[in-house]
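Remarks on the structure that follows.
Naming follows writing order (A, B and C), and every chain is counted from residue 1.
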Amino acid sequence: MKSTGKILRYQLRDVIRGRWILVYTLVFLLMTDVLFRFGGSGDRVVLSLMNVVLLLVPLVSIIFGTMYLYHAREFIVMLLAQPVDRTSLFLGLYGGMAIPLAGGYAVGVGLPFLWHAGGGAGSALGVLLLTGVLLTCAFTALAFLVAVLFEDRAKGFGAAVLVWLLAAVVYDGIVLMVVTTLWRYPLERPLLALTMLNPIDLGRVLLLLQFDIAALMGYTGAIFNRFFGSAVGKGLALTVLVAWSVLPLLVGLRRFRMKDF
Amino acid sequence: MSLAVTSSVCLGLLIPFTVGMAQDIVVQEGTSVPTLGAAILSARPGDHIVVRRGVYREPTIVIDVPGITIEGDSGAVFDGEDAEDVLLVTADSVTIRGLTIRHVATSYIDDRAAIKFQEVTGCVAEHNRIEDAFFGIYLAKSTDCTIRHNVAIGRKTTETKSGNAIHLWNSRDVLVEDNTVSGHRDGIYFEFVTGAMVRRNVSTDNLRYGLHFMFSHNCEYWDNVFARNGAGVAVMYTKGVTMVGNRFEENWGSAAFGLLLKDITDSRVEDNVFRGNSTAIHAEGSDRIIVKGNEFIANGWAVKIMANSIDNEFTRNRFVGNAFDVSTNSRSSSSRFSENYWGAYQGYDLDRDGYGDVPFRPVRLFALLVEQYPPAIILMRSAFVDMIDLAERVVPILTPETLVDEHPLMEWRQ
Amino acid sequence: MTSPERLPLEPPDAPAIPRLVTSTAAIVEVTDLGKSFGGLTVLDGVSTSFAVARITAVVGPNAAGKSTLIKAILGLVRPDRGRIVVNGHVVTRDWDYRRGIGYMPQAGHFPENLTGREVLSMLKHLRGPSAELDEELLDAFALRPELDKQVRTLSGGTRQKLNAVIAFLFRPPLLILDEPTAGLDPVASGIIKDKILRCRESGTSVVLTSHIMSEIEELADSVVFLLEGRIRFDGPRLDLQRLTGHQSLERAIAVLMQGGAS
C-alpha cells in the first residue's frame, strides 16, 4: 500500500478542484445558514438538518462514488500499467473520493455553526457531524463495491440507487412490518439489532437520542437510551458504522484485485 | 368570590365575641412567653400572637383557640427537628402569617405537616415559608379557608419519602393563590375538595405532579404555572373543572403529561399554554370538555385523545412545532376539531375568509401506528414514515375519518 | 529462450508457413496463454516471444485477442492459464516489473482537473526516483506551453500526445504502444514513429498494435498475427510478405485472414 498516499494526493487535488464538490459543500452551507437565520437554535438546526443529512449524504456518496469510479476507469488502466499495486490504487481512489465528500459535508454544516452558534451546539452537532462523515465513508465504500461488481455502468447506477433506496427507505418499511406483526413479543432487543444493521437507521437513532425527543420513545426509547448511553453501546455503534465502510471496501478490494481491465 | 365572601362573613361573626377581650401576646426567647405553646395556653379567642425573631423548637403546637392570629416577625423560625406536625390547628378562624417552618419528618404512617388545619372553618395561612417539610400546608375536612403567598420548598428526595406542598382533603370553598411550591411529591393536591379557586400559583420541579386532584368537583384553576414536574399535572374523576390561562411547560419524561385528564367531564380548558411537554393533553374517559384557545407549542404529542373520550370540542387552539399534533387509538372519534390553527397545515385560502379551503387531518398515520404498536416509535423521523404519512394524507385509509378540522384557521390570534 | 513460431494448424489449405528460427534474446515470453471471458474464449493457447531491441507488431481483426494479450502482459488481465515472463520476471501478482514498461493506451484519459504537469509529476512520484527522464517528445510536440492547463481543457490530440510523452518518459526497456498514432495528426504521427525507431536503435523493445498496415510496414521487424485467439503467424515481417507472395503487407494479412476464415 506504499503508493496509496501518492495517489491520494493527486486524486484529492483533482476532486477538490471539481465544481461539484464545491456545490455539495455550498448546499449544506446555505441550508444550515438559512435554518439559523430562520431563528433556529443550534439544537433545532441539527434536528432540521437530520433528515436531509440522512437522505442526501448517502445518496450523493453512493451516486458520486460509482460515477467517479466508472469515470476514472481509463485512468485506472493507465495507472495499473505503472509499477503500482492494486490495493494502493483502490485505497487511494477511495480516499480521494471519501475525504472530499466528508470534508465538504463537515465544512458545509460546521461553518454556519461556528458563526451563528459560536460552535455551541454541543454533542448534538458532534453526533450529526460524526454520523454524516461515517455515512459518507460507508456509502462511498458501497459505491466502490457496486462499481467494481458491475461492469455495465447503467446496471451499476441502478444498483447504486437500489442500495440507497434499501437503506434509506425500504429497510424501515421492513422494520415497521416486523413491529406490526410481532408486536406481542418483546421487541426492544431485536429492534436494537435491526437498527444496528442499517447505517442510516443507526445514525438516525443516535441523533434522535441526542434530543429530548428520546422521552417520546417511552419504554423502547429507554432501552435504546440505556444501550447507546453505555460505553459498550457507544463503542458498538461506532464499530458498526465503521464496519459499514470497512466491509464493503474490503469486498470491493478483493474484487478489484481479481478484476480484468 | 363566593368563598372569600363566606370566609369574611365567618370572621365577621366571630369578631363581636372576641374583640372586647382581644390582647396581644408576644413570644420571644428569654421572656415569660418563650414559646408559642406557652402563648397558646394563655391565649383567648381573638388574641393576636406575635412571634419575635428566633428559632423555636417545640413539640407539636396545637392551636385550639378560635379566632386567633399568629404572626411571625421576619426571622421567626419553627424548627420541627424532624418530628411530628409543627402547627396543628383545630380551632376555627385561625390565621397563621409570616412564619418560617422547617424540618418536618417523613412518616409512612401519618401525614406530618408544617401547618395542618384539622376540621376547621375560616382558616388562613399566608406569607409563610416552609422548607424541608414532609407535607407543607395540610387541610383536612375544612371549609372557607385561604392559603396565599406561601412558599414551600421541599427536600426533593423520592416520591415515597416526600409529601405534598399544599394538600387538601375533604374540604370546600378554599382559595389557594399566589403560592410558590416546589420539590415536593405533588405541588398542589386535592382529594374530595369542592368549590376551590386556585390561581396565580407557581408549582414547579415537584417529584410527581405539579397539580393533582381527584373527586374535586367545580373547582377553578386560573393563571397558574406548572412546569418541570416529574409527571406534569394529572386530574381525575372530577366534573365541572375550569382551567384557564395556565401554563403547562417542560414536563418531560416517558410518563409525563402537561395535563392528564382521566374521567373528567363537563369541563373547560381554555387559553392555556402548553409548551415543551412530552404529552401536552392526554384525555381518557373524559367527556364534554371544551378545549379552546390554547397554544400547543413544541410538545411531543399535543393532544392524545383516547377513543373512550367522547364529545369533546377542540376549537381555536394553536398547534405549532409538535412532533404529533393529535393522536388517538381508534379509527372513530367523536371529538370535534374545528377552527384550529395548525402549523403543519399546507392548504390555502382562496376565498380569503380566514379559513383554509382544504380540511386538515391532524392525525398522522404514524401517530396511529405508534399508539397501536409503541415500539414503532423507533422509526420516528425516518424517510419511510414521512412517505407513508404523505400517502395517507393524500388518500386517507387508516386515520380517523371523522377527525378532521374542516375549517383550519389561516392565522391565529389569542 | 527458444520460442517456436507457431504454424497455422488449420485449415489444411492455408498457405504453408515454414518454421523459422530466431536467435535473438526475448524480452517477453508468453507460453500457452489462455483466457476466456464468460465462456467466450479470447486467447487460446498463445505462445510467443518478443525479441529484445525489435519492434513487434501484434495484428489481427477486431476481437482477435490483441488487447487481451497486451493487457495480460501488463498484468491488467489475469490469464486463466499459461505463463508470461517479462524481462525475466514472471507476471503474477508481482507488479514491480512494470517499472520496465512504458505503456501508451489507445486514448489518453487523465483526471480532468489536474494539469498536464501534475499528471506527469504524479507518474514520476509513482515511479519513484529514476534515471534521467526522456522529455524529448515534450519538445517535439511543443507540449510545454500546454502543461499548465487543466486536462479537461486539452484537445483529444493533445491528450494523446501527453499519453505518448508518458510512455517514453522513463526510458523503459519495453514499450507497449496500443495504436500509437490513432488520433494524431500526420506531423505528430511522424514524430512518434521516428521516436519509436530511435528507441529501437538504442536497444528498446517495442510491442505495438495498429490498424494501419503501412505503419506496420514502416516500423515492425516482426509480426504476430492473431485470429480468434490463436496465433496464425509469428515471424519476421518480411517472411510474411515473402511467404504469402504478396509485396504489400495488407494483402499478405488479407490472405492470412481468408485462410483462417475459410
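Assume a contact is a pair of C-beta atoms (placed from the backbone, for glycine too) under 8 Å apart; a residue touches a chain by one contact, two chains touch by 3 or more.
Source: prediction; values computed, not measured.
Student: Indicate, using Cα centroids, the chain positioned nearest the centre of all protein chains shown.
Tutor: A
Student: Determine, using the mean of C-alpha atoms as each chain's centre, which chain is farthest from subunit C.
Tutor: B
Student: Hey, how far is the Cα centre of subunit A from the one of subunit C, in Å?
Tutor: 43
Student: What whole-number Å value describes the gap between the mean CA coordinates of subunit A and subunit B?
Tutor: 48
Student: From the mean C-alpha coordinate of subunit B to that of subunit C, what's the distance rounded to whole Å?
Tutor: Distance between chain centres: 91 Å.
Student: Provide the residue numbers of subunit B that touch subunit A in the complex, in ascending order.
Tutor: 252-254, 256, 278, 300-301, 323, 369, 372-387
Student: Across the complex, what residues on subunit A touch subunit B?
Tutor: Residues 50-51, 54-55, 168-173, 175-176, 179-180, 183, 187-188, 191, 195, 201, 204-205, 208, 212-213, 215-222, 224.
Student: Give the list of subunit A residues in touch with subunit C in this complex.
Tutor: Per the touch definition, subunit A meets subunit C at residues 3, 6-7, 9-11, 13-15, 17-18, 72-75, 77-86, 258, 260-261.
Student: Spell out the residues on subunit C that touch subunit A in their complex, using ranges where they run on.
Tutor: Of all residues in subunit C, those touching subunit A are 37, 71, 74-78, 95-99, 101, 103, 105, 107-114, 118-119, 122-123, 125-128, 150, 166, 176.
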